Amino acid sequence: MTYPEFISAHGPRLLDGTLVTIQQTILAALLAVLIALTFGMMKISPLRPVRALATVYIEIFRGTSLLVQLYWIFFVLPLFGLTIDKFTAGFVAVGMNLGAYGAEVVRGAIQSVPRGQWEAGVALNLSPARRMWRIILPQALVIMLPAWGNLMIEVLKGTALVAMISVADLMFAARQINGTTYLSAQVFGTALVIYYVLARFGITPFMRWLERFVARRMGRV
Amino acid sequence: MKQELTGYPLTLDGPDRPMIRFADVSKSYGDLQVLDRLNLDVAEGEMVTIIGPSGSGKTTVLRMLMTLETIDEGVIYVDGNPLTHMPKGDLLVPADRRHLRRERANIGMCFQHFNLFPHMTALENCTEGPIHVLGLSRDAARERAEELLEMVGLIDKRDEYPARLSGGQKQRVAIARALAMRPKVMLFDEVTSALDPEVTGEVTEVIRKLVGKHNLTMLMVTHQMGFARDISDRICFFHNGRIEEQGPPSELFGNPQSERTQQFLSAVNEAI
Amino acid sequence: MGGNWSWDFTLQILPRLIEATGYTLLAALIGYLIAMVLGLVLALAQRTPWRVLTLIAREFVEFIRSTPLILQIFFVFYVAPQFGVRLSPWTAGMIAIGLHYAAYLSEVYRGGLESVEKGQWEAATSLNLGTAHCYRRIILPQALPNCIPGMGNYLVGILKDTPMLSVIGVAELMHTANAIGTETYRFLEPFTLVGLIFLCISLPLAELVRRAETRLRRKLGLVK
């Protein structure tokens, strides 16, 4: 079987898988950002219990592997009556895992906003919430975006694991095709290239654009 | 420096052969001409100071001698042998690494930012080269290093790491480190520029000690005009990659001929 | 089956899981050793004057870093036999995970090497030290402390990624937990224990890395 023949026979399935991978990536990324912002800000809260809660979350999710977390969410949570379908379990696990890494990025970025900006916020008598939202976060955003570029690629790579709970993503499609055809080099090679293209020509340019966009909005250009 | 050269001697001989010779040396970075057909001889034991505005190519001259920069045209000789090239038949061809390593052994250099090895003590900084390059025994290298640290007045700091030394002390260790390799030529590249004004004296004192001793040939770039005037045999004023004017300190400082030299010197004097 | 934790069952499966933990640690260690060596090769390849070699090494690192490890594991395991090389799950797994982390470690090495000032090279040249000698005695000792945090993070990272080896049948912790789950239809205890065991190893390991970094810096005289 030549490579073009292989593609015409199995390309559509790989493409379907790719679409699921893209959906999983986008949903997991949104969840990761939400979690990262929440726990990142909790990590610098003046209230000790809030800080402790954030620390526990971050350490648990960074201290164990995504695959373990994925299995736990998919196999163990139903035992407590919390049944989630596999598609949701997939992006939730990826999002929660990368969200923990993102929380550290958010915390670092917020803390590296110069002291004077906080003080200016106090001097203008802004409420703490407003000070965070209007003064600190926008500046922290500029600082943290480059690190998010790497995290987003980790999100994409992380979604490959959802195939292990039978979500029909690219990885899953590749394994199934491999199981029936044994054309391992073609199918896994193609899948690797697709992931590479998504990362290099999808995520990276998008994050660069976002960096420039935000910098312009902040008047940094 | 790609092509083979003809018309240049393969070695320099004779009673007045210079220790250093730049013959038609040019260098540019892109459009910027740093050196423009430089011809400069330095005699054995001579102390020559290069002065001039920044960007005039002063430091490049030293860095070329230390083989930290390549040259585009011309040839440099040190101690009679070509440094940048090597003889092949009756041609001069660009030097290979072995040739560079052999000829470079004649030259020592002190840098503006000292460049001491931060993970080695003052003594280890001074013994690293002698042990591993010159092949001295540990004891012999240590003895030589201690002698030199004594000379620069830092024998009691021999076991300190550079992070615990002041700028002036670091630069003195750097001088000892370079001298430990027994070079015939010493290069001083703005060695006091990174120092606080009140400690430049301790470094210039050490350099002063070297003048006339060991028959050491020295080439120095500095902004300290008073010091240059005191110890140099000759001053070269660089401008736009050329020697605009050169002569004994008394003449160049006392009675500069070129208009550019006059402008430069009066600007420097005003700054002081 | 249900949400209630059984201590009897826990005690019953614990020895098996602890034994498997040994294999997890072994896999992480072997993979890391491969990564350390290959990573150095990849980093140094990007510092040679040969443009083509630099470019190939660079692209290779980029490719490995932007594709999923689990897919690389499958690739190595299934593609090698197509070319007549039969790899055991362990061999394939070690190649894949070693190569993956080599790409990451090469970036750590590269950053460390680039953090050494240019003046150090110039001083070494002025003392006529050779390139190999300069790397060994001058550059690497200074680059290494800057590499330690990154290297430590990836040591913890490789440990946490070893569960992926279970997919090709390497009998490490995750694989064993899965096996117990399928045998007994109880997933709560094995999967929770796997999580706890990983926490018990990776949290102290991360702390150890932090301490090692401080000590090394002090020892090399880089702290005032």
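Letters A, B and C mark the chains in the order given here, with residues in each chain numbered from 1 onward.
By definition in this document, a residue touches a chain if its C-beta (ideal position, glycine included) is under 8 Å from a C-beta of that chain, and two chains touch if they have at least 3 such contacts.
What you are looking at is a predicted structure, and each value in this text was computed from that prediction instead of being measured.
The chains other than chain A, kept in their positions, stay connected through touching as one piece. The greatest centre-to-centre gap from chain B, using C-alpha centroids, is found for A.
Closest chain to the protein centre (all Cα atoms averaged), using per-chain Cα means: C. Chain A and chain C have CA centres that are 21 Å apart. Chain B and chain C have Cα centroids lying 47 Å from one another. Centres computed as Cα averages put chain A at a distance of 55 Å from chain B. Interface residues of chain A, counted against chain C in their complex, comprise 59-60, 63-65, 67-69, 71-72, 75-76, 79-81, 153, 156-158, 160-161, 163-164, 171, 174-175, 178, 182, 184-185, 188-189, 191-192, 195-196, 199-200.
Those residues of chain C lying in contact with chain A across their complex are 1-3, 62-63, 65-72, 74-75, 78-79, 81-83, 160-164, 166-167, 174, 177-178, 181, 187-188, 191-192, 194-195, 198-199, 202-203, 206. Across the interface of their complex, chain C is touched by residues 66-68, 101, 104-105, 107-109, 111, 113-121, 128-129, 132-133, 161-164, 174, 177-178, 181 of chain B.
For chain C in complex with chain B, the residues that touch the partner chain are 117, 119-120, 122-123, 125-130, 133, 137-138, 141-142, 220-224.
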